[in-house]
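Should a chain be cited, it is by its letter among A, B, C and D, assigned in written order, with residues numbered from 1 in that chain.
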Amino acid sequence: MKKIINAPADVVTDALRGMAAAHPDRLRVHLEPDFVTRVDAPVSDKVAVVSGGGSGHEPLHVGFVGSGMLDAAVPGAVFTSPTPDAVQAAVREVDGGAGTLLVVKNYTGDVLNFETAAELAEAEDIGVRTVVVQDDVAVRDSTNTAGRRGVGGTVLLEKIVGAAAARGHDLASCHEIAERVSAGVRSMGMALTAPTVPHVGEPSFELADYEMEIGVGIHAEPGRERVELESADRIVRRLLEPILEDLPFREGDEVLLFTNSMGGTPPTELYLAHGVAERFLAERGVRVTRRLVGPYITSLEMQGMSFTLLKLDDELRQLWDAPVSTPALTW
Amino acid sequence: MKKIINAPADVVTDALRGMAAAHPDRLRVHLEPDFVTRVDAPVSDKVAVVSGGGSGHEPLHVGFVGSGMLDAAVPGAVFTSPTPDAVQAAVREVDGGAGTLLVVKNYTGDVLNFETAAELAEAEDIGVRTVVVQDDVAVRDSTNTAGRRGVGGTVLLEKIVGAAAARGHDLASCHEIAERVSAGVRSMGMALTAPTVPHVGEPSFELADYEMEIGVGIHAEPGRERVELESADRIVRRLLEPILEDLPFREGDEVLLFTNSMGGTPPTELYLAHGVAERFLAERGVRVTRRLVGPYITSLEMQGMSFTLLKLDDELRQLWDAPVSTPALTW
Amino acid sequence: MSCTAREVIAAVRRGAEVMSAHRDELVELDRAIGDGDHGENMDRGFRAVVAQLELAEPPTPGAVLKLVATTLISSVGGASGPLFGTAFLRAASTAGDAESLDGTALAASLRAGVDGVVARGKAEPEDKTMIDALLPAVRAAEESAGRGGEPAATLSAAAEAAEVGARSTVPLVARKGRASYLGDRSAGHLDPGARSVALLLAAFADVEGAE
Amino acid sequence: MSCTAREVIAAVRRGAEVMSAHRDELVELDRAIGDGDHGENMDRGFRAVVAQLELAEPPTPGAVLKLVATTLISSVGGASGPLFGTAFLRAASTAGDAESLDGTALAASLRAGVDGVVARGKAEPEDKTMIDALLPAVRAAEESAGRGGEPAATLSAAAEAAEVGARSTVPLVARKGRASYLGDRSAGHLDPGARSVALLLAAFADVEGAE
């Protein structure tokens, strides 16, 4: 295992210490239980937006803490949902009296732990609503699975609902907007290489030199199929077609296109794929009016990428454009 | 070779097409010769700041085009300096009448090509000054080498001199500030893995599973030594000690600490190393008052990192804090 | 004979040792069809439990089970944290304030724990989860207790059934948890959570048997 | 006999073929002690030259050399682009408007080109650069021309000397260019730029010899 770390068990805490040192003006980092809040939390009378999940997907979620996005993020161990007490402590710290919206990615562990946290917070008279993101079209949504995974759509949802909260929307309205984003967002990813979880020490899967995994998850969960490496043109098509099939993004629709690196894929390849995707969508009459390109939801050092498409309306576009100031996303 | 690309020879152009699609509101991308300018160039009566170099180090330089940083960036082929005609065309496009500062990294190819470009621009009555960044302490500066390589310091210099130009400093003053940054900045990097140049198709060097390269360059040039993998604590020390030895960063000095990923090293490891570095410097009484953490000057998908230390004074700190709005750096 | 807080504590400590000894095996199982953290999760959780027990030993079986539950909930995370946590929490409720548990009380606690896992995780038999080890285990425990079995006999019946149940997950296609994303590719692998259940019950039975 | 524009064009085309055939070899050489782009750089540059020649064939040897120079400068980049570009540019100046070049004129052009490389790159002999192939080549060319050698003889003398000179770079420790960062580790490798010089001169000599 090749990593710049000390003891594998301390990776998350050590990284949080570094984040605290790097962003003293923006973040407050709490240890045991681990969570990160914006430095000026709680913001009175604003709905607090709190998310979290296993570590290893940075900048998600810790890098999105700040004005216009998350009030707190709760990182678990690598690829492991955080525990309810940590989420509860974060909520307690950032709730400004207007209630808290929990943004949860749809994995059994996250759902169960956040569910308990919500109960604990409600027992303390904090108003809590939860949105579960489940945008990964690689997983067929049926009773035979734990349901679709929450992936790239989470980033867009956190930005948009963060803006809504900053604008003074109440908890019900923030929740409605979050559900709207969730309903209109779809993603699909692929991997060229496997990540290595520090406490495992071995790559999460084996992939031959000529192979790629289509439909991979952000915890290196296997995807729809393992196929031979192909050109960027074909890879882009393999990812976008299932997205377009699943949610009818139709001719004339206005969308946000999010081209995401899984961590190890560098900007050159990512922009290249983004360009191909824009042409592909333009040919189908889908109007891309907003874009995000970069490594925003990753799987440690995994090489690969994902696309996320979000259907925009005037309100969602305005909320997307609204100012945001966090370590990883600022405008 | 595992990359999301089409024809290897087209990688740079294809990526530029994607950049154009991704940032229509910020960038204008020119092809043949290839260069990128800010969308509102030329800015009248402002010194233009132009940089460039081989591709594969993104976001450097193309991602730093925008207000408060670069007016234009000229990307060459992967790891290959751009040609003089491309630089000349970029200068012609962005010079706003107040002259142009060329920021050049100290590699034989870059120096020679930019030298010719400067001559060509001067022949067209454009005032040109050049600063050559040479901050890599891994290379012993002696008559036995091509001199020190320009690495992480380039990012800081482009930000600071971009801010000076935006504030209305004239060409001589911008040049003086650039030389001041150059004199006070030092870097050192390391690699865990090798990058693969698309048109080569093989990793740039071989490194065993238990080895790392200390003092590596951003073109995967070999470093000072190849040693066995160590803890983050020891790696940080190996990088910072030569920096502190080379330029006397002394107790009480105020510095900017830039913790850079070579591309494939993810945020967790980078923040972890950053935290270790802050403690290391604090123990030595060096005051870190500004920091930058992220993949800003990379070597394709290489895993590894570098530190850059810049001595700050009031003017440099203010210029660092001044607003910047580019695809890769915004505040 | 019935088991006291001291014995439950011994059983839990033995469980922690077993989780630690099998950490890598559980990681490997989870790497094959999940995300590779199950061994680390269980080991971290039971180490935290042991650390809590060093501070103070609860006076009743129910209090021990409750301490295990809350510690697992606040230190494991993932899917297994809330599920094992709920199991121990429900078991603790059922155990109540009793000074000791006989075979019947033990089986009742186990039943409550298993029902809790089903209620939280909504898995059904043959979904390839820990349920496939837990359900046969509780049935075997109830049967043994019904025949008047002592705690030791009850637990060893449960452990044997859990072992068989865990092995039965190998050919199954997962329909719950992370392994479900694999679809047909999940067949041919032992479910890590089911394996943990079997290991834990065997460890508990071991200690009871030795008393 | 002296060489005309037609022959210079043929030589350049042959040079382009050789660069393409040896692209991967030059990449490998540069990968060992540089950044692995030299073969790609030279191949890209000479393909651009051939593309220019398709558009229009310049009328004099000097004009051909100038076209090669400007095309290399605007298509190669890296260290080798400006250096080879300067070499051809200076050679073109010295060739002037002459309709053809005899051995002496050829040697003089080569000398001007080599001086240009030294002026731009500031390398000294034994710095392990293209200079180590170019300097012996120009000395051999001058000697041959001084003995009244024809262009073909002059070029083949130059090519042979360049080959020996290139090989002499193997044991050297680089003091210029990217390979210098390697320090002692650069010894034991052939300098890619010197190898290009030897390949190009051999290609030129080939064509002249065949005329």
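Keep in mind that, in the parts below, a residue touches a chain if its C-beta (ideal position, glycine included) is under 8 Å from a C-beta of that chain, and two chains touch if they have at least 3 such contacts.
It should be emphasised that the depicted structure is a prediction, and the values quoted were computed from it without experimental measurement.
Asks: Applying the touch definition from the top, give me the chains sitting in contact with each of chain B and chain C.
Replies: Looking at chain C and chain B together, the chains touching each of them are A.
Asks: Give me the chains shared as neighbours by chain A and chain C.
Replies: Output, common partners of chain A and chain C: nil, no chain qualifies.
Asks: What is the distance, in whole Å, between the centres of chain C and chain D, each centre taken as the mean of its C-alpha atoms?
Replies: The answer is 76 Å.
Asks: Between chain A and chain B, what distance separates the C-alpha centroids? Give it in angstrom.
Replies: So the centre of chain A lies 29 Å away from the centre of chain B.
Asks: Suppose each chain is reduced to the average of its Cα coordinates; what separation in Å results between chain A and chain D?
Replies: Each chain reduced to its C-alpha mean, chain A and chain D end up 54 Å apart.
Asks: Find the geometric centre of each of chain B and chain D from their Cα atoms only, then give the gap between the two centres in Å, rounded to an integer.
Replies: Result: the chain centres lie 32 Å from each other.
Asks: Mind pulling the chain C residues that touch 2 or more other chains?
Replies: Answer for chain C, listing residues that touch two or more other chains: there are none.
Asks: Can you list every residue of chain A that touches 2 or more other chains, as numbers and ranges?
Replies: Where chain A meets two or more other chains at a single residue, that happens at 78.
Asks: How is the touch graph of the chains shaped: line, ring, star, complete or other?
Replies: line
Asks: Would you mind giving me the full set of chain pairs in touch?
Replies: Chains touch in the following pairs: A-B, A-C, B-D.
Asks: Which bits of chain A are touching chain C when the two form their complex?
Replies: The contact residues of chain A facing chain C are 9, 33, 54, 76-86, 107-109, 112-113, 115-116, 138-140, 143-146, 149, 197, 199-200, 202, 204-205, 217, 219-222.
Asks: Where on chain D is chain B touching in the complex?
Replies: Per the stated touch rule, the residues are 27, 31, 34-37, 40-41, 44, 73-83, 120-121, 173, 175-178, 180-183, 185.
Asks: Give every residue of chain B touching chain A within the complex, in rising order.
Replies: Touching chain A from chain B are residues 2-6, 11-12, 14-22, 55-56, 58-59, 63, 78, 192-193, 209, 212, 229, 231-233, 235, 259, 263-276, 278-279, 288, 291, 293, 295, 298, 300-301, 303, 305, 325, 330-331.
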